[in-house]
Every structure is written in structure tokens, then in C-alpha cells.
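Per-chain residue numbering starts at 1, and chain names A, B and C are given in the order in which the chains are listed.
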Amino acid sequence: METFSTAMTMAVGLLAGFDADLMEIIGLSLRVSLSAVLMAALIGLPLGAALALYRFPGRGLVMVGLDALMGLPPVVVGLVVYLVLSRSGPFGVMGLLFTPTAMIMAQTLLVIPIVAALTRQVVEDLWAEYSEQLRSLGAGPGRALPAMLWDARFTLTTAVLAGFGRASAEVGAVMIVGGNIDHVTRVMTTTIALETSKGDLALALALGLVLIALSLSVNGAAHALRRHAARGFA
Amino acid sequence: MKAANDLAEAGVQAADRADTILPLAVKDVAYVIDGKRLIDGIDLTFAAGPRTIVLGPNGAGKSLLLRLCHGLLQPSSGRVTWQGPSAGEARQRQAMVFQKPVLLRRSARANVDYALKLKKVAREDRRRITEDVLARTGLAAVAETPARLLSGGEQQKLALARAWALQPEMLFLDEPTAHLDPAATAAVEAIVGDMRAQGTRIVMTTHDLGQAQRMADEVAFLHKGRLMETTQADQFFDHPQSGEAAAFLRGELRW
Amino acid sequence: MIRLLGALLLALPLFATLPASADEKFITVASTTSTKNSGLFDHILPAFTKHSGIGVRVVAVGTGKAIRLARNGDADVLFVHHKPSEQKFVADGLGVARFDVMYNDFVIIGPKADPADVRGMNTARATLKKIAAARRPFASRGDDSGTNKKELSLWQAAGVDAKGASGSWYRETGSGMGATLNIASGMDAYALTDRATWLKFKNKGDLAILVEGDPLLFNQYGIILVSKTRHPHVKSALGQTFIDWVTGPKGQALIAAYKIKGKQAFFTNAAAGGS
């Protein structure tokens, strides 16, 4: 139990002291996860919306598959990306292994299913409400897609935040494709894993608390932004 | 002022245009789902001019008929045919207002603007037309208000404003005042009247007899998916041709 | 205003994908968790980078994984501690040459109460035999690492089929040294670990060193340059500079000077030629 209280004290100390190494690690964690979420949103939002609006053979299978991919194990994604980016792999020449870019790629893959699946559900419900009126105005699924995404923007923000949660919390993928290299690819989660493996449980827990605080900040900011923008629209 | 005249002129000339899509001919239309004939053997013509009220008890198929005419649904058999050289793009010359107004999560003005954008109207014209229809429907004061925050009556007026902005030749309305209080109902009926005055052909469903009497030039009476009769309004309310219509007017029709 | 802030927030992540400047020289070294956890790299690498201007990026995984990384060409230098595997690596044409760097030893740790009564025994073989006979929990890395391979060879020498008991008293964690020690600490188990990792480990719980000194517990580290033949992109020149430094007087002195809790952690033994 003293580990917990030690950890809390440490966490406060680390944050208040702006420990340089920690700031660097936090910075990289944010850069990697936020980039991944941004890219995943750019791909997943239209993908999910298209899946909701268009009918095609095999659509049911795709929907089930996408929902299932939300549970993709990070370590498996890491392994796949490693095999692709390895020098012995198809894209080895790009030399991307053990770089933040590889980490962003892996996390993007992890987050896309979440964003796409949630978007699909939201847009499907929305289209049920809107389709007659929009078709009357001359907007079929194709033309209505951007309007649907914009209309669902508040719910979709939550979906994107869910994606961020997934990305910032995972360690399996970034460990394999990043290598947890000091000052290069070390992020919060891999640092926690490292300190745990060194037996320094108090520090690992403290870092865990810092990570939670980080997540709270990001979600708090998003929530405030949403509240401000949503005055009356939701 | 110029904008108002534009709209008026556009409307009045609508039916006189050489490329008018009216009359709408509905020939032997049926609609079948899961083996059930929800609509059968409808023969109807909507010529330019009169306001048609489609009347009937709940479940008669009024909403269905409207959607078939507007093109939101395809008939299982029979034809829905518009006229003239522009028949192919008939959808763009029509508009429809639903029982529950469907508005996007944006301001009132933006909702009208969106409809015009879909028609690829230039920005300056969009602004002009939007201001005009909002003024005509009494919504100028709430133009910037999020549409979903408007009252039920205001929302329906907005739906009408949006339709009006499109300058349709034909306007379908599916029980537009079903959820509105008398004041809002009166406002909506007034707007519909204004649109009609500018040349838009009106086809409206209702189960409110008072409204039907106020607004109809002709009545199409539906019962259990079949068209019982199409009669001039004054004649319909005094001496309907069908027994079902008579029962309906007496308030006796079960559905 | 809010929109501007929002846009900025969104733009920030894009900077993450900017590629490293071309000026940055670095090599990738595949090494083991034991070496990493001992803290040796933190001690010697900054000096090397200062001296040569070459950055060293260490990817620390189990020996088996490290060798696979090197085989795939994902590392320039291999620095592990299982001589047979290292020699095979060179023999297979995957590495240029192998050099001794340093050694320390393994120790057998276990609960202070020592229910299997092995404290102070002379040989690892007899120790393991006794632990097996007593069926006391033993935490094995089970991850194809140098430490693991050493451990398995000791079981073989002791004539015990440890793997056969996997799941009962023999617990294979499939993890690195630190994680395995955490588990050993959590279940009061015996385990084999390298001394340096143990000295640095902060979650010893109720465990202590019980057996040490057996010559079989000798732990030799070797360094190999990955061959350019199969992987032309390997940074041979930079990698060789690192190897020369590590096996040369400066590197060796620094390694020998590394102390954990006041005790020397690694003993240098780089020779002139490869082996």
C-alpha cells in the first residue's frame, strides 16, 4: 500500500518539477497518439459514413468485420507493422522501423476500426432520420455524406476521443515497432513497462498517474471545445 | 424589393412555362410490400392550378401516395409520369414538406442555404433568396438561431421556407400541421397560400376536416389504399360520391 | 478564436512525422533486456556518442529476438550473451565476426526462507536438482533469451526435465528478465538471473541470492557486426567504429568502471582478434 502513496507523491513531484526527460516522453506520446488519431479520423470518418450510406453485396460481412476489428490486439498490429516495415519486409527500404512514424502507423491502424465502426452506427441512425428529406432536396447518399458527418459532429467527437484513449493507452504496438529507444521512440506506456521491468513499481505507478492526468487534460479540452461549439446545436 | 419581385415572377410564370412538368399523371399505380397491397389501382391527374387535398382515415395510404408521386418510392406497378421536356429532372422542380420537419444541426439560415447549395445556386443569389424566404415566413429574427432550438411551428415554417427557396412547380405536404397548435397551423396555411399565389401547385394530405375545407379546391379521397373519388371541394363536402367518404365526413369511418 | 486554437491543436501532430535530419548519424544495436536493465548502456553510450558523434539506438529484447532482428537487417550491431547462438550467426554468414566484450555471472535467487534448502550450494546442477525434487516454484524466462538458453542448459546438465513440469512448479513467463523477476518476487519463486540485473532490481521482495560462483554460471557477452552481404543498407563503417570502441581501451575501461551498489558489474575480456 505504501507503493500507492509513494507513487502519488512521485507523480505530483514529476509533474511539478517539469522533469526534462518526462516532458520529452510526454511530448512524444502526445505527438504519436494525436497524429494517429488525426489520420485515423481522416480515413475512418468517411469510411464509416460510406458504409452507413451505401448498399453493396457483402455489406453485412464488412460491418461485422469492422466491429470485430475494434478489438484488434495492439501487439498483433505491432507485429504486422513490424513485418511490413522490417528491412526484410516489403517496405523495408523506407527505413521506418524504430521511428515515431512507424508508431503512428501502427496506432492509426488500431484506431481506424473504432472511429469507422462508431461513425457507421451514428450516420446510419442519422440517415434513417434524414434520408427522405435529403433525397427530396436532391441529395443522395454521396452528396449527403459530408452533411451527415457535420451534423453528427458532437457524437463523432466522442468516437474520436475513444480512439485517442485506445492509442494513448496501448503499449504492445509501439513497443514492437518503436523499440522503446531512449530519446527516440520512448513514450509513456513503454516507459511504464520499462520501469516495471526494473522493479521500480512506485515510479511505474507514478508515471501511470501522469498518463491518466494527460488523458484527462486532452478529454477535458475536447469537452470544453465541444460545449462551446454545441451551444444549442446538440 | 427586387428579390421579392423575382420570386413572385418566377412563381407566377411557373405554370406558364413552356417546359412545365405539369400535369402529373398517375396511372394504375400500386405499391406492394411483403405481399400486402398497400396501394392499388390509383388513377389520378394533377393538372396545373387547383390545390388538391388528399383526404382519408389513418392507414389509407395518403403518405404513401405522396411519396410515390414525389419519387421517394417506386411503384410496384403502374406509372408516375411528369410532362414536358424537363420531365427527366422533375425532382428538382418539386419539393416536399413532412409531418415532422427534418432540419440539419445548423442555423435556420444555413438550412435554407444548404438546400440552395445542393442546387448549385451561386453564393450571391443564395444570400438574396434566403433572406427573402426567411422574411416572407416571418423567420428573419431567428435566422441565426440553431434550427433545432426553434419551436415546432417555427421549424415547420423553416421547412416551408426551404422548400419555397427552391421555387418548386409542385409542393407536396404530408400532414404538415399534425403536431402544431392552432396559431402555428394558421401561419403554415398562410404560407402555403402565399406559395400557391406565386404559382406553386399544392398537393397536401390531412386528416383534419376543417383544414381540408379551408384549403381544398379539389379532394382526392383514399380508403384502404384505394382512390374512392376525386371531386371538386365544395361538392365533396356536401355530397361525396362514395359511401366511405360520407362515413368519413360523419366521423364514422373505422380504420 | 476557438477555431484557431482548434486548428493549432490539430496541426501539432503533423510535426511528429517530420523525418529526422539527414545529419543525424546513428546505429541501431540489438541487445538484451538483461544488459539494458543493468544500466550499462546509460553509463557507456553517452561517452561513445560524445567521442564519435554517432548516436546509438538500443533495441532491447530477448537474445532470440535480437538475433532475429539482426537477421532481418533491422539492426546494424548485435550485442548479446549466448556464445553458441552468436557463433552460429557468424557461421551462417549473417555476421562479419564475433568479439568477446565482457563477462559477469548468473546467480540463482530465491526466497530467503529457502524451502528447498539450497543456500550456499556449490554447483548449479545440484541446486536445480534439489529445487525440482522439492517441486518449489521456479520462474523461468521461457523466451529464447541468452539467460533462458543458459538456464535450459543447466537443467539439462542436472538431468531434470523442467519443461515437462511447465505449468506446475516450473513457471515459464515468456518475458524479459525484469518482468520475470517481478513474477518471482510475487510468488516467492526461485529463478536464474544475471547479477547486474539483480543488483539493480528494485522489487526484490523476499528474495535474495542463494547460489553463486559455479563456473557454469559464467556469462559471456559478445558483439557482432551484421553482414552487409544480405543487407546492403547496414551501416558497416559506423557499426565497426562502435565495435572497435567497445573492445578498445576506452570502452573496456568504461565498462570495467561501471559499478552497481559499489560492486563492479562487468569484467572486461575483449581480445585482439575475433572468436
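Operating definition for what follows: a contact is a pair of C-beta atoms (placed from the backbone, for glycine too) under 8 Å apart; a residue touches a chain by one contact, two chains touch by 3 or more.
Just so it is clear, the structure is predicted and the values come from calculations on it, not from any experiment.
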| item | value |
| --- | --- |
| Identity of the most central chain, Cα criterion | A |
| Pair joined by more contacting C-beta pairs (A-C or A-B) | A-C |
| Inter-chain centre distance, chain B versus chain C - centres from mean C-alpha coordinates, in Å | 78 |
| Where chain A and chain C are represented by their mean Cα positions, the distance between them in whole Å | 32 |
| Distance from chain B to chain A - Cα centre to Cα centre, in angstrom | 47 |
| Touch list for chain A against partner chain C, complex | 28, 30-32, 34-38, 86-89, 92-93, 95, 97-101, 104, 179-182, 184, 196-201, 221, 225, 228-229 |
| Chain C - residues contacting chain A, complex | 2, 6, 9-10, 12-17, 19-20, 28, 33, 37, 42, 57-60, 71-74, 175-179, 181-182, 185, 200-204, 231, 233 |
| Residue ranges of chain B touching chain A (in the complex, touch as defined) | 67, 70, 72, 91-92, 94-96, 98, 102, 104-106, 114-115, 118-119, 145-146, 148-149, 162, 166 |
| Residues of chain A touching chain B in the complex | 129-130, 132-139, 143, 147, 150-151, 153, 231-234 |
